[in-house]
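Reading through the structure tokens given below for one structure.
A, B, C, D, E and F label the chains in the order they appear, each numbered from 1.
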Amino acid sequence: MTDLTRAHIEATVDAALAEDAPNGDVTSAAFVPESATATADLVAREAGVFAGAEVFEVAMTRLDDRVKVTNLAADGTTFVAGDILATVEGPARAVLQAERVGLNFAQRMCGIATSTARYVAAVEGTGARVLDTRKTTPLLRAFEKYAVACGGGTNHRFSLSDAAMAKDNHLAVLLEEFDGDLTKAIADGAARLPEGISLEVEVDRLEFIEPVLATGVVSTIMLDNFGLDELREGVATVAGRAVVEASGGITLETIRGVAETGVDVISVGALTHHIDSLDLGLDVRVSR
Amino acid sequence: MTDLTRAHIEATVDAALAEDAPNGDVTSAAFVPESATATADLVAREAGVFAGAEVFEVAMTRLDDRVKVTNLAADGTTFVAGDILATVEGPARAVLQAERVGLNFAQRMCGIATSTARYVAAVEGTGARVLDTRKTTPLLRAFEKYAVACGGGTNHRFSLSDAAMAKDNHLAVLLEEFDGDLTKAIADGAARLPEGISLEVEVDRLEFIEPVLATGVVSTIMLDNFGLDELREGVATVAGRAVVEASGGITLETIRGVAETGVDVISVGALTHHIDSLDLGLDVRVSR
Amino acid sequence: MTDLTRAHIEATVDAALAEDAPNGDVTSAAFVPESATATADLVAREAGVFAGAEVFEVAMTRLDDRVKVTNLAADGTTFVAGDILATVEGPARAVLQAERVGLNFAQRMCGIATSTARYVAAVEGTGARVLDTRKTTPLLRAFEKYAVACGGGTNHRFSLSDAAMAKDNHLAVLLEEFDGDLTKAIADGAARLPEGISLEVEVDRLEFIEPVLATGVVSTIMLDNFGLDELREGVATVAGRAVVEASGGITLETIRGVAETGVDVISVGALTHHIDSLDLGLDVRVSR
Amino acid sequence: MTDLTRAHIEATVDAALAEDAPNGDVTSAAFVPESATATADLVAREAGVFAGAEVFEVAMTRLDDRVKVTNLAADGTTFVAGDILATVEGPARAVLQAERVGLNFAQRMCGIATSTARYVAAVEGTGARVLDTRKTTPLLRAFEKYAVACGGGTNHRFSLSDAAMAKDNHLAVLLEEFDGDLTKAIADGAARLPEGISLEVEVDRLEFIEPVLATGVVSTIMLDNFGLDELREGVATVAGRAVVEASGGITLETIRGVAETGVDVISVGALTHHIDSLDLGLDVRVSR
Amino acid sequence: MTDLTRAHIEATVDAALAEDAPNGDVTSAAFVPESATATADLVAREAGVFAGAEVFEVAMTRLDDRVKVTNLAADGTTFVAGDILATVEGPARAVLQAERVGLNFAQRMCGIATSTARYVAAVEGTGARVLDTRKTTPLLRAFEKYAVACGGGTNHRFSLSDAAMAKDNHLAVLLEEFDGDLTKAIADGAARLPEGISLEVEVDRLEFIEPVLATGVVSTIMLDNFGLDELREGVATVAGRAVVEASGGITLETIRGVAETGVDVISVGALTHHIDSLDLGLDVRVSR
Amino acid sequence: MTDLTRAHIEATVDAALAEDAPNGDVTSAAFVPESATATADLVAREAGVFAGAEVFEVAMTRLDDRVKVTNLAADGTTFVAGDILATVEGPARAVLQAERVGLNFAQRMCGIATSTARYVAAVEGTGARVLDTRKTTPLLRAFEKYAVACGGGTNHRFSLSDAAMAKDNHLAVLLEEFDGDLTKAIADGAARLPEGISLEVEVDRLEFIEPVLATGVVSTIMLDNFGLDELREGVATVAGRAVVEASGGITLETIRGVAETGVDVISVGALTHHIDSLDLGLDVRVSR
């Protein structure tokens, strides 16, 4: 599972708080006495899967360390509309100023976890795992991959640095150099990879599977935009010699069929490319 | 319209490129010769409204200034599936490494502009304007508000620092102090605002409109979660003495009705809270 | 009042400490034993208004959290020569290294607060408020605006992002486009402002007041470099339809006359453009 | 002379521009067409000494590299009211947005250079040099020390890291350890200084001069708050064996007398502790 | 090969230049006229392998873009004492200020490349590759791994994020949970790895090889601190089912023997853990 | 002694931890339960001098403040193989992730301290001090100079900003201007130095010593690459009028001879230019 460290959370939350109030919250400073206190509940207004307990806590407490957050829902647990997911208590100005930032993070992360859980449920029992992709929101990849994991998904490579994935564009020049010999082209490039970096190769046609596997250095075969019959044939051809990944426009409606072809993993860009923030609210009570 | 400066684009793009390849693109480094070149088309795979021409250009060129981007679509223009929105040319390693980051920005921004344009079209002829909110993705507010403007929407306050918006939580303590006198409570807080900061007040009930306007310092009245009849009555009560804003769970289906009540502006959180990345692709050709 | 957050104080103080000792304090490291302790008094050497208690505390404690500061004067209170404003206790090396930075901040902030208080006293009873401007020291605006507020002044807009102020340069092109029709030019530009951003317009001549107010969207009229008679006439013309601001070379000698013309607010660049650091000293005693 | 590198100027100017417009200049964006251009003159409204030509240029051009600045006055040259010090030409939005930041830097730097030149003129012919101190504005030391040099002053140590200056507080513990033997205390500490770091010692009484010089490692003797007769006696006692520095509350009125005592250098905190921004203006003309 | 991007080089060089001259080069500023120019040769004073051409160029040109560097030796090429590796020309102050930083980078990188080349030469013809480790200088890993590659070495994983390597400490708890069943313990942990991350397992004893390979998910077996006979037996046991890595205190004297056992890769911490900067000099000529 | 502040340690360690795990430690996250704890001993595998106790502590605790480190060896103390230098206790994931970074810092710093101590021992009794140079690892100068001090060495100037050192290149233009008059050239440049900055001059030939000393402003004479007889003659010529520094290719074998010539200080680039990390290990025990 991808790491979401305290330091990264704090740095990102600080930047978000600064974006939302570069020169302070003029409303609270004018209307809310410095001594006023607030209590608040983070309430689910629809059902879902929770993700981001620590992120929400950091967002609410970072402006003023007298704010205290009690988390009532663990990441990865499900909730229904009306559930109280966390409570907040502290100086009212700080709570009101942090509210929107706290919600923006929590709603997006819960949205992703909830959506992921639907895909995971759809493939239940097939043995296939649901993968995320690099189609994440710029600067928020760690948050979104963490949310995918909370929803039961499996993280794929985090970045271009930690796993190799060769597509036709990567192979074009080497293929020409080796007169179209796919095995030689892949083996040649693979020899220049750092040690310990796994190699996945995307194939467009079934007949490419054997030459790819013939290299002996490919750990995963990606079958991109294949029909169900072709996927089944691909799985049969690979025959356990590599992980088989299906990808390409897979939706909640189609994923079950894909999973039943026997592929090992299914990557779904929509997990993070379409973000439906879950409806959460912060019910605040301010008093002297 | 909100500002999206070159410096902010570059800093954000740099961070996104570092997130996506903290230690380089191992695949390109191994498989693509340093001397290989690429040409690429940014192609629309569905219809929409363009936003982010400069962001895409920065993303594609930042790794290597030999990469050149030609923008073929201006921000705010519409396109159909199959349109080529920009062309890219340069060293293949840099193009391939930047591809995903460039697409992640462009697809999100076009998604927001396209969605906004639908809301704007829905209120056409009513005189109502469609506003965004602070429900934006953390760290990307300037990008998203810019995309809203590309789609024909009107930007609302950028942050807590540049306009005051008093809700019941803000007013609770002052109301108690002034024995429930709403006019006095608002006037008291308003006197502490910095000079030149406008004040919007959210009202829950129609009978609060008069005491709010009696302060003489409120520029906008927000009617939150009002029915259509109440909105009409609110508009009549305000009678041009302030801007009237409708807000609260407004959808593409309901916005026309809201607009026809005569409100001046309608804020729609969904513009940025639900992000459907538009389907764009980068068709790349690599050669020696 | 403008916000001066803990995070901003700490970041600015850290940068100032690094500027003053990029590689440590060679004198203290050589002459003062690591185990030596210091007690110190922050003493006023002249009368004034205090500002910056928290900033001074952060400056003195940031190098070593064993340093403790006891604040004896609240921000905004007056003091006379000889008053002890704070006491400091802790490891001698840290106290001696931080001394100059702590004083540099406190002396400047107290200087601004004290100067502001003189202007505020000069208009007492007239109803006019004293405003600061954007003529602040680069990078220290939040500190200086906070000090103005401590002295009884009113903060004007913090930046170019949070309020609109149209001067003749801004209007030149639109005036030409609308054949010199000031009302149309202003209304045209105002329609492009983000929602909730107030608009102030600077007028050079009394006859411009009516066309400016005719737009119905201008909240403040700035009368720049007007004589006292003109100011009075301007106030009468505006007649409460907008806030009236006087500006332009106003001094401690002339401000009372300006205030008595009936203007609402008077902006004084000198509050932050001429900085007379107040004479404060740190009386330190070092012992084993 | 202290260094003011391009990189440091750019980083500081960028921070100042961001402080003054975190989300852009809403006025220019609304009122000034993107295609409008501006020409502008930086005009002196009072006489003075110039400092900050490069800083002003960076400030005006940093937002948009199409802005061009022509410097007409070199740093360190004098000017009279009415002189045009630089001209600016470029896109109007960028010029108007940068105007205040450019002026804030230039006015402060010219104020310091002009003030310094008065002190330097006051000691002309005596052989004494005028020194600045560490009483500079936090974060702007390099700018202010550079301005002092433009005014003919001599820079003293930049920070606590680059020269040692032992005062009574530094010596207290060592004096106790060596039973009040000043020579031994200073020699003991000096032995712990990094190699190549010069040592200045502040003395309160004339009889301390000999024991201080007896160490053989002190390059400068600071006579703090001495009367003129004492200073003369101090100079005679030191007799060229070290640099003699006078300091403590020296003003434009008193500095000539101090200089005539024969001291080598005179440090004047007021050079940077009292900042009177010089009156410069930017006369802008905007056109289509 | 690990990536060393222009952006990373520039940021690191900038920090190094700031470390070496936080407030400028006082010597050059005082002694060298601003108009003086310098030409310089980067000369090898001993034989070696070059690495860091671009880094040296950035270091020499970053202070002043009028400095020009001509690289005469490509990274990875060998040179002998007396060879001129690059020439430099430009403003003398900038050249003299950058000299030490440029040399510090170039000497270390050449030292590593040269040392690596000796290890690579020692295993020539055996088929074994020489790997670096994570025992690199903090903050300079990309520079050092790049230098290893210049010397003919093969980069191992860049960080803890891009490949999994399970040692006994990692396995302790799972082994206990699975009653010492190594296959089950490894399989259990491997199932939690992100997709596409390869797994290497360190084994202490030969009899652990089979249960490790039985998992079917281990790509590399590390034999740590094995004798030559044991290594040979380990290679025979693995029999091509995984990459075999030897590690542990391997020196230039012992590496040939290790390579001849048939292992695939040999990791050598000393490549970067012992850094002998190569003797390079910059021969500078300054003139008016 | 050079300063190594907590803030600098933390910032550098944070950057090193991020370099070593930009997206977390995939191995620990997969194999080590979140609840597992570890105890560990930092063990010397060879004899040496300790340096970096606080750095090691920060490295081990920065990821998770529940990790506790007990330092058993003070900086500057000697140890033998087998000594336990510190113990660590805390969550296993954090301990395992930080291990390599903690060791990388500690091993390098101990290597430098140990090497320095050998040079210092070699000159024992001669009165000469061993100096470091600016030949340090980029970005780590404060750490390395601190380690030199732990080994008994004396720090030389930290940077180009805090002491002047004129070599032939610096003097070339002024010498020409003053027709080869070394005294005039040096005096001319020295007059432009900031006040309080000491001046060292490198001389190539013995006959240059007198003209250099004739300036009266040179505190140190550097004799670069002199033979032992020349050094003795140089010491005699200087006769206590300045510090005498020997430099140039001095090794552990030759330093005693150099010291016995009577020079005051000997600068040794190898202290930081050749870094032999000391062999330290972290013996970890992980349990549930």
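We take it that a contact is a pair of C-beta atoms (placed from the backbone, for glycine too) under 8 Å apart; a residue touches a chain by one contact, two chains touch by 3 or more.
Values in this document were obtained by computation on a predicted structure and should not be read as measured data.
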Most distant chain from chain B by Cα centroid: F
Matching chain pair for D-E (criterion: over half of the contact pairs shared, by residue number), options C-E, B-D or B-C: B-D
Turning angle required so that chain B lies on chain D, C-alpha fit (0 to 180°, nearest 5): 120
Classification of the chain B:chain C interface as same or different, half of numbers criterion: same
Most widely separated chain from chain E, with each centre as the mean of CA atoms: C
Centre-to-centre distance between chain F and chain A (centres being mean Cα positions), rounded to whole Å: 45
Chain B and chain F: spacing of chain centres that average the CA atoms, whole Å: 52
Overlap residues in chain D, where contacts from two or more other chains coincide: 1-3, 21-26, 29-30, 158-159, 161-163, 165, 192, 194, 197
Complex interface listing, chain D residues touching chain C: 12-13, 15-16, 19-33, 36, 38, 92, 96-97, 100-101, 103-105, 107-108, 134-141, 159-166, 169-174, 176, 189-194, 197, 273-277, 284-288
Complex contacts: residues of chain C adjacent to chain B: 1-3, 129, 131, 154-158, 161-163, 165, 192, 194-198, 200, 219-220, 243, 245, 265
Contact footprint of chain B on chain D as seen in their complex: 14, 21-26, 29-30, 63-64
Chain A residues within the chain F interface of the complex: 1-7, 142, 158-159, 161-162
Complex contact set, residues of chain B against chain F: 22-23
